[in-house]
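Shared between the two complexes below is chain A, which pairs with chain B and chain C, respectively.
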Partner chain A sequence: MQPILSVQNLNKYYGNQVGCKNMNLTLYPGEVVGVVGESGSGKTTFINSISGNLIPDSGKILIETGNETIDFLEISESLKRLLIRTELAFVHQNPRDGLRLDVSAGGNISERLMSIGQRNYGKIRQTIFKWLDKVEIDKSRVDDFPRTFSGGMLQRLQIAKNLVTSPKIIFMDEPTGGLDVSVQAKILDLLRKLVRELNLSVVIVSHDLAVIRLLADKIIVMKNGEAVESGLCDQVLDDPQHSYTQLLVSSVLQV
Partner chain B sequence: MNNVLKFKNKKNAVAAQDEIYNFAYLDENTKRMIRRALIKALCIPGYQVPFSSREMPMPYGWGTGGVQVTSSCLTTEDVIKVIDQGADDTTNAVSIRNFFKKTANIETTEKTSQASIIQTRHRIPEEKLKEKQILVYQVPIPEPLAFLEPRYQETKKMHALSEYGIMHVKLYEDITKNGHIETAYAYPVKTNGRYIMDPSPIPKFDNPKMDNNPAIQLFGAGREQRIYAIPPYTEVTSLDFEDYPFDPSKAPYKCSICGSNESFLDEIITDDEGNRSFICSDTNYCNQRMENN
Partner chain C sequence: MIELNKITKKFTLHNQGKTNILVFNNLNLKINPGEIVALTGPSGVGKSSILKMIYGNYVFQSGQIKINNHNIDHKYPRNIIELRKNIIGYVSQFLRVIPRVPTIEIVMEPLLETNSDQDEVLEKAEKILLKLNIDKNLWNLSPLTFSGGEQQRVNVARGLIRNYPCLLLDEPTASLDSVNKDIVLNLINEKKDSGSSIIGIFHDEYSRKYLNAREIDITKISDAK
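Now for the complex of A and B:
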């Protein structure tokens, strides 16, 4: 099987400061890769660099579209932006970054549909309802503005907005950050369900090992902009080899 | 100014000051710069060409963009008509007409068919325009994406890459809120199958008139420093949904003066009891009909 996304020797510097260095990642269809590390370890720089939000200094990002392999850093900006709004999706930590707050919930979900050329209001409306149902938002809220939504609902709305065009690769930057634990659990439940149901390929960044253990198949542990350990999620978390990973695992609170 | 100071008599000084205006107020270099922008705009229908807008002797929002475009197009043979909301006799129309009478000393008219340049605020004349006529629109906000995407750099990219999905989000919101597309003026159009354009705040009733029009249509936005254009016989389509097609809409009344049921109407409150009547917004069209009957 071909990997759907493969990142090779990716580097991103901020002046002399390392953003991330020598990063590699292979993502197979239907697989979830988690990136963990402490604050400032370069997780967000890494996910931004591979999703088109930042331009890395060097390296290769190969995306398999089905017919061909595209080098994400070599293609024209128009193709890149087309890929970003059709084949790729980015779920921000703060849903307000990924939503239009002055557009209704339904309007937010419909944007990607209309940008790929759907022009039938009735059909668009049906798709919106289908997705509201999937992310467990009450249908009666379809015409309400996101600013009237709770944090957890906003995050679910952002997920629906991103998944509506069935993107091939989904990037998530701390999708449960800033939510209280019960809402976190609900979002995680939802994400796990969607990942299995729709066979999504996901790169997820989190500082929360529990989130990663729940969702990810493979894991990359980052420190100071570099990957210190990577492998199967259970393997790395149950038998950490690198001293930093050991520290991470041992510092998880046991309730 | 030195020329003016030489006159002892104040009256003569004012007269002399009028004489020292360049033809149609703007200096020749500025006109040339604006004509270059106009030609570029005509070559890329619907594309907003930046230009260095000049300070005009009227406030922004009163048609400074339109006046600069008209000024750059004027020749001594031109006959100019100025309308404001369709009317020839409102403040804005009268003062701009007087402005050109004074600075260019050219013939003016109220008859659509006799004008070679028509400067307009918010309407397209009811009478069909012909080849060799120029329609100049005064535009307040040239960017159709402005209300959805406030970053100018981003809207530029969206135009360049034809990323127009967001435009339909606005129409979607309209239908959701009102059951139909509520946008009644500045209704977005696609020009020549490529650029999405804001047709200045004309009523959507006028949108179909832009399509395949034999006249040249020029748009000037003074404050925003943008010029765009529709060349003659260019396809202009109003955005819509398959199941909510574009509807130019027409008030279900007749003009109470000329009796036309085809023209765009102004609603006029006639007394304190809430009585009202409807009259043609295009005064010249209405007058012509009265004369012919």
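Now for the complex of A and C:
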């Protein structure tokens, strides 16, 4: 099997300041890769650099589209935008960054559908209801504005909005970050089910090792903009080899 | 078949004075299909470490681990993930699940990896939960609030719902009453008779005898002190 995403030797600097350097990542279809590290370690710079939100200074981002492998950094701006609307998706920590608050819930979900050329109102409406159901938002809320939604509902709406076009690769930056623990559990359950049902390929950033352990197959541990350790998720967490990972794992409070 | 050849395992604790702990030096072990091996010895001697090396949770410094002729190689995490999907099953001592997910879904999950027929999987999950005496009223609740024995049986149900060619068991009967212990042991015997290679830790002699297990005293092969 071919990896769906392969990042090679990626570097991103802010002036002289290292954002992230020498980063590598291999993501296979149906796989979840977690990126962990303390704040300031470069996790968000890394995920932004491989998803089109930031332009890295050097490196390769190879995406397997099914019939060809393209280098995300070499393609035209218009093709890039098309990919971002169709094959890639980005779930922000703050759902308000990923949603249009002055457009109805249904309108938010339909945006990506319309951008890939769907015009049949009835069909679009059907897809919207299917996705509201998947993320457990009551159908009756379809025409309400997101600003009337709770934090957990907003996050579920953002997930629906992003997944509606069946993107090949989903990037998530702290998707359960600002949520209270009971809502967090519900989102985690939803994400796990969607990953299995739709065979999603996900890169997820989190500082919460417990979240990563429950979701990820593989893990990358970052410190000062570099990967200090990577590999099978529960191996890195159960038998960490690098001193920083050992420190990180042993710093988690047990409940 | 599970084979460990010349395994060296040590822990280096970087943040605690770079302490080195040597657990195994030249560990050899072979578990044939249809055989149960029971690891014995006091705690801290490396019994769980052996299971975790086989499952890929722990790295080893040298030697070879082969599962049905596939190498456990941490350079290729993808291969270990595939082995876990199809070949190695693991019943751990403790249940680790997402809060609020119903018991029945937790038990169904390993089968859904390979079988997408929801009804068929549901039926199998119900069957094994009934067998393990988990009350029907509990199936739609999260097991996190269950008693220790119930949680352990949910864990066993999840681990044994599939027929893995290789099975790792970490004290699967530790907190069970005698009736439920026999039920779990019978299930394990069924797996053995169907040709699984099984290695486990069973802290009571009763279980080991019941399973007719080949006992290996780890103190004789471990370097942990």
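Quick note on the criterion: the second predicted complex is superposed on the first by the 255 of 255 C-alpha atoms of A that agree within 3 Å, B and C clash if a C-alpha of one lies under 4 Å from a C-alpha of the other, contacts with A are read in each partner's own complex, and residues count from 1 in each chain.
Keep in mind that, in the parts below, a residue touches a chain if its C-beta (ideal position, glycine included) is under 8 Å from a C-beta of that chain, and two chains touch if they have at least 3 such contacts.
Treat the numbers as computed from the prediction; the structure is a model and nothing was measured.
Undergrad: Clash or fit: what happens to chain B and chain C when chain A is overlaid?
TA: These partners fit in the superposed model.
Undergrad: Applying the touch criterion given at the start, work out whether A:Ser110 contacts chain B, chain C, both or neither, answering first, second, both or neither.
TA: It touches chain B, and chain C stays clear.
Undergrad: Using the superposition on chain A described above, determine whether A:Asn67 touches chain B (first), chain C (second), both, or neither.
TA: It touches nothing on chain B or chain C.
Undergrad: So in the superposed three-chain picture, is A:Lys186 touching just chain B, just chain C, both, or none of them (first/second/both/neither)?
TA: Second partner only, chain C.
Undergrad: Tell me which partner A:Gly122 touches in the superposition: chain B (first), chain C (second), both or neither.
TA: After superposition on chain A, A:Gly122 lies in contact with chain B alone.
Undergrad: Have a look at where A:Asp239 lands relative to chain B and chain C in the superposition and call it first, second, both or neither.
TA: Touch partner of A:Asp239: chain C, not chain B.
Undergrad: I'd like to know which partner A:Arg196 touches here: chain B for first, chain C for second, both or neither.
TA: Second partner only.
Undergrad: When the two structures are overlaid on chain A, which partner does A:Leu214 contact: first (chain B), second (chain C), both, or neither?
TA: Only chain C is touched by A:Leu214; chain B is not.
Undergrad: To the nearest 10 degrees, what angle do the lines from the C-alpha centre of chain A to those of chain B and chain C enclose?
TA: 160
Undergrad: Taking the superposed arrangement, what is the smallest distance in Å from a C-alpha atom of chain B to one of chain C?
TA: After superposing on chain A, chain B and chain C come no closer than 35 Å at C-alpha.
Undergrad: Within the complex, which stretch of chain B touches chain A?
TA: 148, 157, 160-161, 163-166, 168-169, 172-173, 175-177, 240-244
Undergrad: Where on chain A is chain B touching in the complex?
TA: Touch list, chain A to chain B: 77-78, 81-82, 85, 100, 103-104, 106-107, 110-116, 119-122, 124, 142-143.
Undergrad: Flag every residue of chain C that touches chain A in the complex, lowest number first.
TA: Going through chain C, the ones touching chain A are 11-15, 52, 56-59, 74, 77-78, 80-81, 96, 98-101, 109, 112-113.
Undergrad: Considering the complex alone, what residue numbers of chain A touch chain C?
TA: For this pair, the touching residues of chain A are 26, 28, 31, 181-182, 185-186, 188-189, 192, 196, 213-214, 217-218, 231-232, 234-235, 238-239, 241-243, 246-247, 250.
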